[in-house]
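Some structures to go through are shown next.
The same subunit A turns up in both complexes below, where it pairs with subunit B and then with subunit C.
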Partner chain A sequence: MGFVWNFPLFTIVLSLFSGVLCTVLSGKKAKIYTMIYEVILIMMTGAVLSYTMRTGQSFTYVMGEFPAPWGNEIRAGILEALMAVSFLVIMLCSVIAGGRYLKKDLDESRINLYFTLINLMTAALMSIIWTNDIFTGYVFLEILTLTSCGILLVREIGRTTLAAMRYMILNLLGSGLFLLGVVLLYDITGHLLMVNMHQSIVEIAKEPAHLPVLSIALGILTIGLAIKSGLFPFHFWMPDTYGRATPTSAAILSSLVSKAYILLLFKIYYRVVGMEVLKVLPLNRILLILGMCGIIFGSFSAIRARNINRMTAFSSAAQIGYIYMGLGIGGIAGYTAAMFHILAHALTKSQLFLTTPRLAEVSGDRLEFKYMQGSALKCRAAGRTFIISSLSMIGIPILAGFSSKLLFGVAAVDSGSWRTVIAVMVVLAVSSLLNAMYFIRTMVRIYTDPEREKTPDDTDGEVVTAKEPGAEQAQEPDADDEERPYEGQTTGLDYHLPMIVLTAGNVFLGLFSWVIVDLIQRGLAMF
Partner chain B sequence: MLETFLNNYVEAAAIILFGVGFTMLLFQRNLIKKLMGMNIMDTGTFLFLASMGYISGRKAPIITDGVQSVEAYINPVPAGLVLTGIVVSVSVTALTLSMTVRLYRRYHTLNIDDIYRMSKHEMEDR
Partner chain C sequence: MREGFFKWLDGDYEAMEDFLDAAEVHDEPREAVKAHRKVLVEAADQADRAVVLEEKCRRIFDRLYLAIAVISCVTLIGVLLFTVANLPYFGQENPRTVEVVRRYVEDGLHETGAVNIVSGMILDYRAFDTLGESHVLFTALICVTILLRRDKKNMRKGYEDYYRITADRFFAVSNDMILRKVGLILIPMIFLYGIYILLNGQNSPGGGFSGGAILGAGMIIFAASCGFETTDRFFTRRFFSFASVASLSFYSFAKGYVFITGANSIPNGIPKGTPGAILSGGLILPLDIAVGLVVACTMFGFYSLFRRGSIGSQEV
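On to the complex of A and B.
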């Protein structure tokens, strides 16, 4: 038992402490403190990752030295450490790249409180990743809900409060169901620690008469987490929530918070229930179907969206569908694909949500597509990032999205049921097509210079010249509008640095996916 | 069937309470009533949890008269969980109430449909 064993607990406790500390710091100091602190956390979790990779097995940290059935435990393996490191890196990147908009959206005196929320959220994320106790999972799930609602509410304009309210109500429904599920599971197993629960559940599942109770408990729990993470029928809150939040919040909510819920669900499926018992229950198939519906409907809604943030948010709904599809396919291959996609989507979506406000800024703070024509020409860096992340979303090789789609295909073939194979392949193909439709359309839009488009250089018809004066008039105010923000520097080091990190991560996942896949599989073996 | 319900009447009541609360939270249009529903829902869960820990004929797990046998006391863990749950529920209620206040100040109504309708007419800030 080395000193490294303490690090998972440190990440949680120190984050809680930092949250309190940030309330007394000034805004700027709180920001700098949070950044330094996140770097320290990344190092700590990195140490845990390298330690678990070296020893080749996970370790269980028993709090207060109370033995198994009574105490509270933290369990760290490769998969948890990998998730923790990547979540923290994305968190840090979002905080740095979105910092510029925090000043705009928040009162100067309240910026430190935003970092309080961010630190508390880090604590919640970390404990959901590390915990081995289902009730601790519930408590930190609620902290995550509260803080995510908080970082939504900081932007006090327009319909944010309403969006936050809807988000909160749905989350309350979700946590109520989750709590009931946890209580039912506790009722039938008599344990709260996941490993002990697993042993009881294996015993219970031997008797077929007990299976309905188990299915109901797990079903309630799954619905709860599905509402919270935005699986298909419950995804309608996403565009309002992500579209109206300040960029840092949007990036964190879409790439980390919803993933934490899925991670908890996965933990319950894999560690508490176990794959053998899961095969007997009908849950997998339902998740598979709902995930596929989510992919298709999310993509269609994204095509219909008229606002770039709404489009990105609906695309999130589709990507959440992918992860649930991976869970639904089941088996080691399916879970590997799901875990890989959690990382891939988290990297890509945070990049998108941090890029769109830049593009909006150069088009007069408007997010609607019609105002955004040519915005990438004014802000080249944002345009480049948008292209990279969009291509990754579509699934172009050498980027993360391609690897995860490949993994989903492989997982479907591995599952051995020809119906699953056909369904997954069709859904993958259709969704790639739909993704390409709306992302490429957006790319073309942001790279089309509105002035050049309206006055074609090959003047051949009288019709064009007849329309010319009208068109120019309509254009005039827009052009004036666009000149103003263009002058200011929209992308500085605070944008380039995080984007380079995220893009590098994206390309790494695309080119060297086998490294991560190997890590995930080793992590699953010791999970 | 009926007998099962009668034997486990506390659990049955808890689940009914949960259902009442859940539907209130989902379908009531008034924000305060929604919140009440949320609290009823949580209380239902707590009742369920507390009833599980209780074993009739036994005492609260506090050693006063020197009896140390496990057989003499009820299970204290569910009570601890209920307490934790209550704390969570209180904080969630507080945050939701503060949001309700903010919405009321802006729109002067508590009906979420009306608020939604009004906000649609509002100019998009961004």
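On to the complex of A and C.
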């Protein structure tokens, strides 16, 4: 047992301490401290990742002097370490790239509280990733819920407050259902530790009398986590929540928080229930169908959106649908695809949510498409990152989105049921088409010069007359800088560095997907 | 439709107005929104029939909504009742489900040194969960602070809040003579009771959460009956941050130490003491005090933030 074994514990306890510490620091110091601390955390989790890769097996860490079923326990393997590293990297990138907007959106006296919440959220994410105990999962789920409402509220404009209230009510409903599920499971199994629970559940599944209770408990638990992560019928809170939050919060909420809930659900399915018992229950099929509905409806809503952040948020709903579809397909291949998509979507969506505010900023802080015409010409860097991340969302080869779609297809073929294969293939094709429709349209919009379109020579008369009022309105906000048309905002290192990291991650997942797939599969084997 | 679609692709939103997301709020200047609303209202006044139709639709929707809500609630109740009916009976010996509990009950006393098994369980066996739980309270307090704390941004004159807070100062409850006198008699007893419960958590029912809640309630009664001027003499913002930061960091580090020594099987050298004595149960007593402080500070912090928008004296 090496010193590395202690690192998962450090990531949790030190994050909790950092959160408390940030309340007494000034805003600026809290920010610098948080960044340095995140780098240290990345190194620690990286060490855990390399250690588990070297030894080839996971380790359990007893929390305190009492062994497993009586005390708490955390467990680290390749998959957990991989998730932890990527979550922390994305979090650091979001904090750096969104820092500029924190100053604008937040009152100065609240900046240190914001970083308090960020650190507490890190602790919660880490514990949900490492935990081997379902109740510890619940406790830190609560912290995650509260911190995510907090980082929404900080913007203090009416709409974010409203969105945060709605988000909180739904999230508390989700937490309540999850707790109910945990209580029911505890009642029939007598354990809270995941491994022991699994043994009890395998025994219970043999007696048909207990099966209804088991499926109801799991169903309630699944509904709770589905509400929290935004699976199809419960996705309506997403656009308001992500659309108006400060960019760092939007990126973190969409790419990390909803994924953490899914990870916990996956942990319960894979480690607590186990694949054999899961086959007996109808849960997989329901998740598959809901995931598919989520993909289609999310994409349609994204097409209907008139505002770039709402579009991105609805696209998140669709992507969450993909992950649930992977869980629903089941089997090692399905779970691999789902885990891979968690990484791919987290990288891409955080990049999108950090890019759109830059585009909005050069078009006069407007998020509607009609005002954003030509915004990428004013801020070239943001335009580039937007193109990369949207292409990844659509699923263009060499980017992460393509690999994950390929993996979903492979998983469907592996599942062996022809109905699943057809359904998944059709959904993948249709959703790629829909994604392409709204993303490519947005790309064209932001790269179209509003000045050029106004001259009647370029287009035929009919279109111009139809467009005249829209074009005039588009010109209105930046009427005063007519002399210097393309002078947009400058992008400094605080934008380029995170974007380079995220883009590199995206391309790596696309080009060398087999490395990650191999890691995930080794992780699943020891999970 | 087809023509409209291509126009939409070109960025012309009016062409597809019927299809686009109606729930979306426009990000237009406030005056424009108001003017637009005014136009809408005028138009609606003119077209009475449309309004009536809309009312009808809304009524149908409301009824449908109610029906669906009732049906889903009844279904949930039914499902949960069915589940409860199928659960194992309370107190029934079931070899599968008693393994964990048996050790808590039988060996809890000599393993943790606490007579109160619940305290031993939450602060020793499952201390990690409690560590998280005390930070849940802290997180909630931070969120409420973010939402309610007064600052330059939300304290501008002419704001509704401003007058409410001013009014609160004039008509404060602390002007009430009866409340004041009764409070002065009750408060010392409440504090004494709270401290007793807090310090005796390892020996009798109670502990950090319940003792802290009583202390916090005592503080709230104190502030309500004697006014914030009295509590501000000792419960300043500095005191608050010191108490919460010190107790939470103590909790994190003390428990971190126990976790690390326990996992690396190094003896941690914390004496268990004689069960029943006040200094027993190893770390349970100091942890109880830490948790109690956090709970009390959180409760009073909530009250103070809701009542006047700050913890401690004025911060604006």
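Throughout what follows, the second predicted complex is superposed on the first by the 494 of 527 C-alpha atoms of A that agree within 3 Å, B and C clash if a C-alpha of one lies under 4 Å from a C-alpha of the other, contacts with A are read in each partner's own complex, and residues count from 1 in each chain.
FYI, a contact is a pair of C-beta atoms (placed from the backbone, for glycine too) under 8 Å apart; a residue touches a chain by one contact, two chains touch by 3 or more.
The shown structure was predicted, so the numbers you read here are calculated from the model rather than taken from an experiment.
**Student:** Should A:96 be classified as contacting the first partner (subunit B), the second (subunit C), both, or neither?
**Tutor:** Neither subunit B nor subunit C is touched by A:96.
**Student:** Who does A:256 touch here: subunit B (first), subunit C (second), both, or neither?
**Tutor:** A:256 sits against neither subunit B nor subunit C.
**Student:** Examine A:88 and indicate which partner it touches, taking first as subunit B and second as subunit C; both and neither are also allowed.
**Tutor:** Touch partners of A:88: none, neither subunit B nor subunit C.
**Student:** Once the structures are superposed on A, label A:159 by its partner contacts, choosing first (subunit B), second (subunit C), both or neither.
**Tutor:** It touches subunit B and subunit C both.
**Student:** In the superposed arrangement, does A:185 touch subunit B (first), subunit C (second), both or neither?
**Tutor:** The answer is neither, since A:185 touches no partner chain.
**Student:** Would you check which partner chain A:169 touches, where first means subunit B only, second means subunit C only, and both and neither mean what they say?
**Tutor:** The answer is first: A:169 touches subunit B but not subunit C.
**Student:** Quick one: classify A:367 as touching subunit B (first), subunit C (second), both or neither.
**Tutor:** Touch partners of A:367: subunit B and subunit C.
**Student:** On the A-aligned overlay, A:113 touches which partner chain: subunit B = first, subunit C = second, or both, or neither?
**Tutor:** Second partner only.
**Student:** What is the contact status of A:388 with respect to subunit B (first) and subunit C (second): first, second, both, or neither?
**Tutor:** neither
**Student:** Need the overlap of the two footprints on subunit A, from subunit B and from subunit C, as residue ranges.
**Tutor:** Residues common to the subunit A contacts of subunit C and of subunit B are 135, 139, 142, 146, 149-150, 153, 159, 161, 180, 187, 192, 366-367, listed in rising order.
**Student:** Which residues of subunit A touch subunit C in their complex?
**Tutor:** 1, 5-6, 9, 13, 16-17, 19-21, 23-24, 61-66, 69-72, 107, 109-110, 113-114, 116-117, 120, 123, 127, 133, 135-136, 139-140, 142-143, 146-147, 149-150, 153-154, 156, 159, 161, 180, 184, 187-192, 200, 203, 209-210, 212-213, 216-217, 239, 301, 304-307, 310, 366-370, 373, 441, 445, 448, 463, 466-467, 469-470
**Student:** Considering the complex alone, what residue numbers of subunit B touch subunit A?
**Tutor:** The touching residues are 18, 21-22, 25-26, 31, 34, 38, 41-42, 45, 48-49, 52, 77-78, 81, 84-85, 88, 91-92, 95-96, 99-100, 102-103, 106, 112, 115-116, 119, 122, 124-126.
**Student:** Touching subunit B in the complex: which residues of subunit A?
**Tutor:** Residue positions touching the partner: 135, 138-139, 142, 145-146, 149-150, 153, 157-159, 161-162, 164-165, 168-169, 172-173, 175-177, 179-180, 183, 186-187, 192, 244, 360, 365-367.
**Student:** Inside the complex, what are the residues of subunit C that reach subunit A?
**Tutor:** 7, 9-15, 19-21, 24-27, 79-80, 82-83, 86-88, 94, 96-101, 103-104, 111, 124-129, 131-133, 135-136, 138-140, 142-143, 145-147, 149, 151-154, 241, 244-245, 248-249, 252-253, 255-256, 258-264, 268
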